[in-house]
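You will see subunit A twice below: alongside subunit B first, and alongside subunit C after that.
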Partner chain A sequence: MNRWLRAALIAGATVAVGCFVWSSWLPNSQYAPVEVSFAVVGLSFMVAGIAAWQRWPASRLGLLFTIAGYLYLVPYILVNLANPAAWTIGNLSEGISGAALAHLGLAWPGGRLRSRFECGVVVANYVQNIAFNTAATMFWNPAFSGCNASCPANVLLIGNGSRPTLNTLDTTEALVGLVITGIVLTLIVRHWRSARGWSRRAMIPLLWIAPAVGAENILTGNLFHFSALVTYALLPLVLLAGPALFVISTVRARTAGGALGTAIVDLEPGAPPTRLRDALARALGDSTLQLAFRLPDGAGYLDTTGQVVDPARPGPGRAVTPVTEASGAVLVHDGGLEQEPQLIRLTAAAASMALEHTRLQAEVQAQLEQVRASRARIVEAGDAERRRLERDLHDGAQQRLVTLSLALGMARDRAAEADPELGSLIESASKEAREALTELRELARGIHPAVLTETGLTGAVQALVERSPVATTITAVPDGRFPAAIEATAYFVVSEALANVAKHARADGAQVMIRKFPGRLLVEVSDDGTGGARSEGGSGLRGLADRVASVGGVLRVDSPSGGGTRLEADIPCP
Partner chain B sequence: MQSSAAILIVDDHDGFRALARIMLEADGFAVTEAATGAEATEAARIGRPGLVLLDIQLPDFDGFEVARRLAAAPAGGLAPVVVLTSTREARDYGGRIAASPAAGFLPKDQLSGAALRRFLARDL
Partner chain C sequence: MSVTARPAEPKARLRVVIAEDTVLLREGLRRVLTDAGLDVAGTAADADQLLKLVQALSPDVVLTDIRMPPDQTTEGLQAALEIRRQWPGTGVIVVSQHVETEHLFELLADDPRGIGYVLKERVADIAQFTDAIRRVAAGESVIDPQVVSRLVTRPRRNSPLETLTERELAVLALMAEGRSNQAIAEQLYMSPKTVETHVGNLFAKLGLLPAAQDHRRVLAVLTYLRR
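Let's look at the complex of A and B:
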């Protein structure tokens, strides 16, 4: 809201209330509580006006509240001025604030009347009010109210006035007012019934204003007579409720921005769009909110419940706010919310952030999946390469060394009788060849254990255990074959674990247990040694953990100092 | 009638076959050769060798499969004594050697007429 407008409204309200208090102080000091309640009611309308201007700058609600506030206070000020003209005008305009209240109620919350009929009702209400009051004043002699010399003169009085005419006019006015009030209340109820979502919530303060309109018209209509307590204390309190509720709801609306933040923070990462919609709907106070996404082929929009949404034709009383161009998402909400452009902008921004967050999350997840898959492929390719190397060694160099060794053996046998010296020379060559063969076999086994390819885990683990220098028992190994990458991983876990037992654990015995569970293979190697192994420390265990992770598994090391070591690999396995 | 001195060498490595032939012929065996599993079963059917020296690594199917076929197909005669062989060690094949119908395993670098005769003698 404009700074000057706000300053003017505050100044106007202060002056009006000040004038009212000043004008009513001395002559009617015995009515001080009553006067204070009137001042508070008038002031409350002006404060609600400022709040409305602030909250919904595009709505005329602020103007209507302010006018109602002045129309409420000014007649009393005029009456108290004790000037004949002012006194007369004050008296005849006393009921007009009721018409302004009816106007306010019908125009709620947009500030505009919805149809020509409603315009007619509001104009008729103002006109009948002024017309009847003016006519009645012409026939009202202040002496009828027991006000002889103390009152200023009624400048509109015709002759000495006429009590019967005055009574007829009062009764007619009351009946006309009753009819119009009935129409106004019916219309307001219809507004309430047709409103949905945000608009219906925005009408809550009106639920109290509507009875107030009725009460005001009935009480000031002179048709019924109530005690001074009702007229001067209860009625102002009822009137006060409307503006007060409006101001409270405005303060609550201001915290809706904060609620949005909370809603987004509470939304866990990657929550489905339905949850986002619910969070936004709660924060906005619009239960009809729809979050719709453009279909990939550009063929239209679908909301989170799968309903087709057309942003070009959102339906009566509905409005559309795009979230961001990039996300292709729109918010379809109650049309009344357009009065809160700031809140809508915040909501769209919050939705955009949440969607972007989800998109980034999905992107990171996809990248992670890619990295995982490529790591698994790299490890598998490495395994395949090692298998090929081992086989090449076996088919090539090993084969040739065997043949060479056999040939040398034969040559030695034949040369030994004829030339013992040549015989021993060939024998030493043969020995070299055999040692080379043994070393080559060890090398090939280190590159990739042929026994794993040949027999799977059963034979391979058996071979490892047989070679282990620490007495090792196999508690369980499942029969059957598993995918090569899984067999190789399980094998390397056992191999590395047994090598560690031999090197570091100072153990008397070790145990190997491999068990197949639905969807996973559990490899456990435990020993009764000194413990104290750390997976993050030694590069051997670190590398093994990486290897296990490459097939999506987890390596756990439990190695309390002095309590032995238990290595457990939990590997996903079909 | 099946000759106990007849040996079928099954190996896809020419150099090994040639050397083994020289060595075993010198030891008094009658040697025939086959380079693949299919050739081996065919040669065994025709030649009726008393012993088959069978390499585990063959280009078509492996030695275990050939041993199974040889054990299953003695049409009216005794199945030959099958000795599996490889440049690898026996433990590289885990329990597969024990599970096969072959008489045993002899690492290639320990091949000799005497070693084969021990298998023949054990089988009698």
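Let's look at the complex of A and C:
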């Protein structure tokens, strides 16, 4: 709605109310409460109409509200104009606002009447209203109300009018009104029963409001006789429920918009699409909401319950909104929601954000898994390479040196008697070979401890402890064998920790404890040295932490200054 | 090449079977041992062959490498344990490249009689090596001095070992190597009586029960040192 039309509507409403107040103004009138009541009801309908027009530009609800407002006030303005023609027209259209309200109720919440029958009911209602008004006017002599020359003339009056005919007409009109009210209320209840999702919830306030308005219509009709204050001032206030209908639905849409935000925030990262659908449906108040995804092969859509969805034919009363082009996801929702394009856009945006979040999460997770796996592979490849190197050294150089030693031994023994000088030369060569052998053995052991492959942690840790330059005791080592990568990691933790104890800790003693718990292996090396070890520094601890992380474990260092060092590797282990 | 003849042993020559997968070393050993007056009854290149030879030849002593085909891990050790089970009278020397004691203790189990654990570089000292074979054949235990010395010199805290005199430590090490009192006395140039006194003293200091038999003594001492 552009601002000129809005300005015109507001001006029109103001003028109408102004005219009403001006035309009916009588100083010190006993009718003052009645006038205030009429002005409030009429104005509220017109304001609701303008607002509804603004909110639902495509819907006729705004127009209906506005018309109801005008139809409520204009007849009284005309009657009060003291002009015969105006007075007559005013009388003809009096009470037609009731028919407009019935029209509004039947068109709620989409703004359109649902069937030809209902169109018929609405038209018949307008027609009977005008027909009875016309008939009644023809028999109404203004003199009946006690005013003579001061009253405007009744243009349609037949003769002097007839009170009995008038009374009969009034009673008939009230009875017809009762029937029509019944029909309208029944139709509204049927609308509610057949509605689903968003539309059904939109019908709920009407279920309360329609009977109240219907009752008002009947109570103010000619079957009942209350005091003028009740009939003309108090009961009409019930009609304020009409604009309240608009306020409630607006509040509901706003609340749903807010709830969407909360729903998305509360949705934990990486939640499955089913959870997203449930959260959106809950926030939106549309239990029929479906979140459907395009199948990878392009062969249609499936919703989160596995049901096939055809976005081209969403079914009666259903509508489709794409989430984003890229995601290939669509929302299939109650058609009534199309009246709230803002809300639908918000929902699609929320769904798109959540889906994108999940997708990114999955991507990052997958990348993380890849990096983890590749790190584990690199470490394993390194271990395998070390094993191979150690074996090559053992089978090659070491064996050759042993054979050389043996040959030198033989040569020495033979030379010793004939040529002692040569004998001692060979002896020194033999000694060199032995030392080379010892060095080579240490080198090979440093590259990869054969004892680890052969006997597992028990033997390997025992070997480490035996060669530790600091007095070290083993508190516990599990007997069984574990996957090679885990044994190697545990071994390197103990090895590196004991090397650190020897190098930095200035400790008198150290303890090694390896314990197996369900699902994990806990390796602990502690000493009574100076403490103060930091894994952040450039020490071997950083590399050790990486090594432990390569098998998905965690390295903890507890090393208060002066309080010894406790190194703990928590390694996942089947 | 002239072969230096060694005086023949008065009694029948010891029959030895060698298991070693490196051809050069295997043949070298055969030659050295033959030259040293031992009867190398057969040689094997892997553990299966070794077991078959032991079955067929009933040697006095078996000499086997720890690592052998097909897996190059501890096949020799497993074969040695099998031989101990099936033919308990056969002496077994395992030649190892491990200074660490894990394999040693697996081999000793609870009866160290007729068992030797010798580092591979020991083959360079032929006299010492053949002496080890003879001792094992005689039912003694032979533990490589280097392995023992590492155990003895390990750093310890609040250990009674710190209270031993140098002499007592030397006696302890020789006991751990599997030497008898007689041999210890000869090596340390002391009387057997003195050796006995030292043994008694150090057992008391370490809180070990005195063991009359040498093999029990070896086990007790090694176990103590390994703790």
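General observations
Keep in mind that, in the parts below, the second predicted complex is superposed on the first by the 524 of 574 C-alpha atoms of A that agree within 3 Å, B and C clash if a C-alpha of one lies under 4 Å from a C-alpha of the other, contacts with A are read in each partner's own complex, and residues count from 1 in each chain.
Assume a contact is a pair of C-beta atoms (placed from the backbone, for glycine too) under 8 Å apart; a residue touches a chain by one contact, two chains touch by 3 or more.
Quantities reported herein were computed from a predicted structural model and do not represent experimental measurements.
Because the two structures share subunit A, they can be overlaid on it, and in that overlay subunit B clashes with subunit C. Contact with neither subunit B nor subunit C is seen for A:511 once the two complexes are overlaid on the shared chain. Once the two complexes are overlaid on the shared chain, A:83 sits clear of subunit B and of subunit C alike.
Judged by the touch definition given at the top, the superposed model places A:434 against both subunit B and subunit C.
In the superposition on chain A, A:405 makes contact with both subunit B and subunit C. Judged by the number of subunit A residues each one touches, C leads among subunit B and subunit C. In the superposition on chain A, the residues of subunit A contacted by subunit B and by subunit C overlap at 394-395, 398-403, 405-407, 409-410, 434, 437, 441, 450-451, 454-455, 458-460, 462-463, 466. For subunit A in complex with subunit B, the touching residues are 394-395, 398-403, 405-407, 409-410, 434, 437, 441, 445, 449-451, 454-455, 458-460, 462-463, 466.
Within the complex formed with subunit A, the subunit C residues making contact are 2, 4, 22, 24-25, 28-29, 31-32, 35, 67, 72-74, 97-103, 106, 120-121, 123-127, 150-151, 154-157, 159, 226. Every residue of subunit B that touches subunit A in the complex is listed here, in rising order: 13, 15-16, 19-20, 22-23, 26, 57, 87-89, 91-96, 108-109, 111-112. Across the interface of their complex, subunit C is touched by residues 391, 394-395, 398-403, 405-410, 413-414, 417, 430, 433-434, 437-438, 441, 444, 450-451, 453-455, 458-460, 462-463, 466-472, 508-509 of subunit A.
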